[in-house]
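Okay, so chain A shows up in both of these, paired with chain B first and chain C after.
Showing the complex of A and B:
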């Protein structure tokens, strides 16, 4: 099958490569593509068509059509005609139910099948409704191209690269290379990208090959697919040299294996030294195709007939074949036996990228092609894409004879025939944009490269208008199919770890995600951990808290404007709880604010809220211009919470600070050395027991963690995780912003009306809250408990039923080992928001009665917290 | 969107480095009516043309600034750090920047 060595061939006959096709080894040479090697091995049918499962063979040999798509090493829809061979590659055909040469689904071509005419399933399979699931199962299994390997994992790594250049040249033909050379002479930074398959002449400037420009986006952004790398080019100047695309002719049997575009056959001979067929007929629309006749003869193909379509007007063409392979063609009634039919009409400028960039596209009736016009600034076109395609034939829209026997395809990707298009027009889809969506013409893998112009021609003829009136459909990226992996880039999953992370792992913690943070859910038994906090002493890593410094002469005034409560009167070394709201009065974040001196506040936020809060602060400050600076110290400082009745004892052992209740009161903030580490000691109690938060430089984290656990061993200290903390905070009815509140919640209804200081002139959210106060509360966030000993806990989001209708929802619920019953927080209608009110919760497939509790279950008056 | 936005501090950068925070609006100063409040919180001009808007250089210098942009072409006419405006012309949208999952104290 292979011709003798030829000058300029791309294959290297000394380099033997072997890959497998359906498990059988295929021999190839270096420089071959999988497609050329398969052809050399005698393979002619490369795929089965989308709807009718008709056999298809090599058509363009340039990666533009759908005909040679196969699965290579698990990756579906690879165009094997341009995919370089590699040793050991596993190649499989796709969209076939048995085997390429004998496909079960091909009956759809003969007797009609689920897909037969366009729109068939929109109209037919919706009735009876009951049967739709059945239809759907069948359609789904029959639809689509290729199979994604669900177990492929992340074998391929994709990367993204950004590059800035003066000039980007897209297309490495003669004009593209010349443009790049000129730019280089001018001293500009130029890169040329070319998709292949022909190699690009190298003249010293950088070339990306093979690489495909996916589109031109605003700001002259050109993403280029270069193997597993997406290169995002920003170019001051873009030169589009994408050339022109040979257009197929429309006649019955125009998709038979053996009907090819002239350029495809030329590449076969020139690049891979293959003989494309034995007996050829050439229907040439331009000089290039005409010149091919000589090349074919030199390659040993007998050329039995050449028609120059510019001179000779053909009216009827029909190709016939057996088992999908071409055997003869009849030209105006004259039948010629052949196994290769090279047929092309015009060469259509590949203007898509230019149109995406904003160029206008107009019809040139004399030559029967669309050409780009009015290029936007910074975009240049050179070569054939501008319309310089020589003298081309203006062919009729179709060459159908009256006695036709086979289908005539306008779009081979989606198996749309000329009859489908006519039917669409008859049904009223008389605009091409609509017809495109209805018939899916131009929407397949070729993205209109081979069917856009033919379908416009066909439309113009059938609607008795002209091509200029029909116009083109909108060009959109991607210009060529691109794998989703390439767009997704690297599988980055950012994870934040605290400086004590390894200690948690050593202790066997079960880790969980909270936002981007990894945190210990528990160290084995959360209920036991909660009990230890009540009984003796627990230690939890709270480094994930957002931590901000707000500093400056206006710091207090600034916080007064952002929070609904007061900060101007907060004394130095004291702490206050604060809830941040939006100007709509909605709860946004919460935390504690410690005043470290007159002009310095230490603000903590929720674990996921740090960035949001600092952006929020800076935003308002950009508006108001307070004398304030904010610094995010979340990563710089680690933090632990020491909680439980023995916490004072342990802290006292490790610091010179007077930790007595008189000297270090509830809500005091003191700076001190703890075990030699400079700490900010905050006496607060999120979990309800006596407790201290220690905030300190994170390099000391492991040391301090170890020291606290070591020194506290005799006091019964144990680390506790997030789950124990959640049980404890529910016993204390401390809310979690984002868990118990949502984007509709306001502090008045979320059980914190005491927080809002109406006497302040202004604060963010004041105006909205005034209106809420006026209308009165509608629903409120309350605590609730269920019957003692009840074994199960309502789901978060569980329904509260009021008068037989949904009337509220559970936001948090846990079994409390301390109380021996399920407890939680829930939103209920205001009339039920009073102590002891009965509520009905939907759970366990039935209903349970609960009781509203407005005071914390544990330490209701905060006595323990303060003592 | 893939245009370049000139940060007043950092110069032209890919728009993906920035957070967009909507039109610059006027914040009412004293107890607005419900209608005034709603229009401040929820209604936007949404012009087809040049508008003044807030941007934040999140993946850069982390400065807030205002830009004048033509919404039809994404042409950015000017960007500048703002002068304080005291309570007037405060941030626009009812912008509750999205909280992540599972926020935890």
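Showing the complex of A and C:
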């Protein structure tokens, strides 16, 4: 089937490559595409159409149409006409029930026509409703393009790469190459990308080939598909040289195997030395197509008839075939036997990228094509895409068929016929944008490359207007199909880890997300972990706390004005709890503030609040004009909390610091070496037992963690996770901002009225809080307990029922091993916010009675903490 | 102890009983690559990684070579940073696969694989990334993964 060696052919006859098609070996040469090799081996039918399962063969041979899509090595929808051959590739046809030449589903073509007009399933398959899933399953399997292997996982690697260039040239034809050469001469950094199929002439500037620009986005961003890499170009200047595309003619039988675009046949001969057919008829819309006749003769194809559509007006064209393959064509009633029909209308500038970039597109009635106009800054068009396509024929919307026994396709991707389009108009879809959505014309794999212009023409004629009035539909990226894997790129999921992360994993911790952080939920048994804290000694990683330094002569005044409570009177080396409020008096974040010096404060925030708080501080600092400097030291410091009756003993063993209750009191802050590591020691307790928080340089974290666990072994030390901490803090009724409060909560109602110092001149949110004080609390956050021994715990978010109606909600609840009953925090109406009030909680599909508790369940007067 | 010593790795003191040692956030990844370590100035440094000779394109943990260049970050925060070096043929490609930032005007700060990072140029095909240490494992994994198809791999600091 191969012609003799020809000058300029792309195949290398000395390089034999073998791949398999449907399991059978196919021989090819280096330089072949899978499509050219299959054609050489005698294959003529390359696919079955989307809806009617009609046989389809090579049409454009340049990767623009849907006709040659196959599954290659498991990847669906590969255009084999441009896919280079690879040794051992496994190629399979798709959307086929039996095999290409004999497709069971082709019956839809024979009987389906009248029953399957466009949009038929919107109308016919909606009743009975119950059956839709069944219909849908059938439709999905009958139509569609290839199959995705759901179990494949990430088989293929996709990368994303960013490149900044002065000039990006899209398209490697003569004009594109010239533009790139000029840019290079000007000394600019230029890259040319070209999608093939012919290789680009290399003239010393960098070329990406085959590589397809898939769109032009804001800021001159051009993503380019280059094999498995998505190259995201940012160019100061973009030159679009995408050329023009041959347009198919609309006549009955225009999709038969053997009907081709002239350019496709030319590539077959020139690149792969193939004879595209035995007897050809050429219907030429321009000089290029006309010139093909000679090439065909030279390749041994008998050219039986050439029609120059610019001179000769045909009224009727109809192609006839058997088993989907062309056998003859009738031109104005004259029937000519042939197996190749090369038919094209004018070449239409491939302006899509320009239109995406913001260019206007206008109709040139003289030549019958759409041309780009008003290019945005930084974008240039050269060559055929500007409309320089020579003298072309304005082809009619459709050619009537003599007897019209076959379908005439306006869109071969989606199997939309001229009748479908007319029907859409009759149903009232008289704008092309609407018809596009209804018929899906231009929405298939060719993205309108081969059907946009013909459907505009068809619309113009049917609505008795003109092409300019119909206009084009909006051009959107991608310009060609892209695989989702390429858009996704490598999987990058940033996670913050504390410096002790690996130690937690070594100890078998179950990790959980808290904001961007990964933290230990537990080390297996949260209740036992909580018990150890009460009985002897627990150790928890609290490195995720936000940590800020606030410095400057105004630091005290600054904090005094930010927080509702007092800080100006905080003594050096002392700590105070603070709740940060918004202008609206809402609870924003909480944490401890230690005064390390007259002009230096150490502020901790919630794990997820660090960035918000630091921005908040910087904002007010600027507004008030205070000379305060804030530094985020969250990552620089690791932190652990030692909690439990044995914590003093362990700390004493590791430091020279006097850790007696007199020297290191509750809420004292001291700096000391602990096991040789410089630490800030804060005596605070979130969990209700004697406790110390150590803050120290992150790089020492594993060392200190190991040392604490080692030296504390005889004291019963055990690490505990977030879950145990949640139980313990509930026993103390410590709130978690964001869990027990939401964006509407204020400190007066959230159980912290003692915190607000009204006598202060001003603080952020004071005015709003005064308002709340005046109107009185409506609902309040309170502790509650359920009956002893009750095994289940209300859901967080669970309802509190008051007088048969929802009246409140549970925000936190756990079973307390210490108390032997479920406890929690809940928002209840103010009249129920008193010690011992009965509340009804909806849970377990029924109701349980609970009791309000305003004091901590455990160590209510804080004796444990202070001892 | 002076005011902000608790932020300083250098303020750690070894005595008879205790011998504090500082680790990089990429320590575990280096161990998994069977790195050999040496203690230098109280820090553990990976000196050699088996198979490193095969990689012309090398990824190195250079956290121990901090502090970062003057003016990039306040000194109190230095312990909060980790640093990676990518050097050899293809180093630029690796960096361009992780960031949109132009590389013709370094140092610059911006997003590298979605996290904030400084990019510094140390030579023609040598780049350093300086970033928050809590992302140490993450960025190590991402950079090694990006370098793999270009023949890159981890290397020690002899």
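One rule holds in what follows: the second predicted complex is superposed on the first by the 714 of 867 C-alpha atoms of A that agree within 3 Å, B and C clash if a C-alpha of one lies under 4 Å from a C-alpha of the other, contacts with A are read in each partner's own complex, and residues count from 1 in each chain.
Methods note: a contact is a pair of C-beta atoms (placed from the backbone, for glycine too) under 8 Å apart; a residue touches a chain by one contact, two chains touch by 3 or more.
Remember, predicted model here, so these are calculated numbers, not experimental data.
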Practice task
Examine A:677 and indicate which partner it touches, taking first as chain B and second as chain C; both and neither are also allowed.
Solution key: second
Exercise for the section: Go through the superposed model and pick first if A:159 touches only chain B, second if only chain C, both, or neither. Expected result: second
Exercise for the section: Return first, second, both or neither, reflecting whether A:636 touches chain B, chain C, both chains, or no partner chain. Expected result: second
Handout entry: Touched partner set for A:792, first chain B, second chain C, both or neither
Key = neither
Handout entry: Which of chain B and chain C A:549 touches, first, second, both or neither
Key = second
Practice task
Figure out whether A:589 sits in contact with chain B (first) or chain C (second), or with both, or with neither.
Solution key: first
Exercise for the section: Applying the touch criterion given at the start, work out whether A:867 contacts chain B, chain C, both or neither, answering first, second, both or neither. Expected result: neither
Exercise for the section: Determine, under the contact definition given at the top, whether A:515 touches first (chain B), second (chain C), both, or neither. Expected result: first
Problem - Contacts of A:20 with chain B and chain C, given as first, second, both or neither - result: neither
Fill in the blank from the handout: Residue overlap on chain A between the chain B interface and the chain C interface 162, 234
Handout entry: Parts of chain A lying in touch with chain C, wherever the complex brings them together
Key = 157, 159-164, 232, 234, 490, 492, 494-499, 501-502, 517, 549, 596-597, 600, 631-637, 654, 671-673, 675-680, 695-704, 707
Completion exercise
Per the touch rule, the chain C residues reaching chain A in their complex are 1, 3-9, 11-15, 18-25, 27-28, 43, 74, 76-81, 93, 96-97, 99-104, 113-115, 132-138, 142, 145-146, 149
Problem - chain A partner contacts - residues on chain B that touch it in the complex - result: 1-4, 14-15, 19, 21, 27-29, 31-32, 34, 37, 40-41, 54, 56, 58, 62-65, 74, 81-87, 89-91, 94-105
Handout entry: Residues of chain A touching chain B in the complex
Key = 162, 217-219, 221, 234, 513-516, 519, 544-545, 582-584, 586, 588-591, 606-609, 612, 615-616, 618-620, 622-626, 686, 722, 729, 734, 736-739, 743, 762, 767-768, 770-771
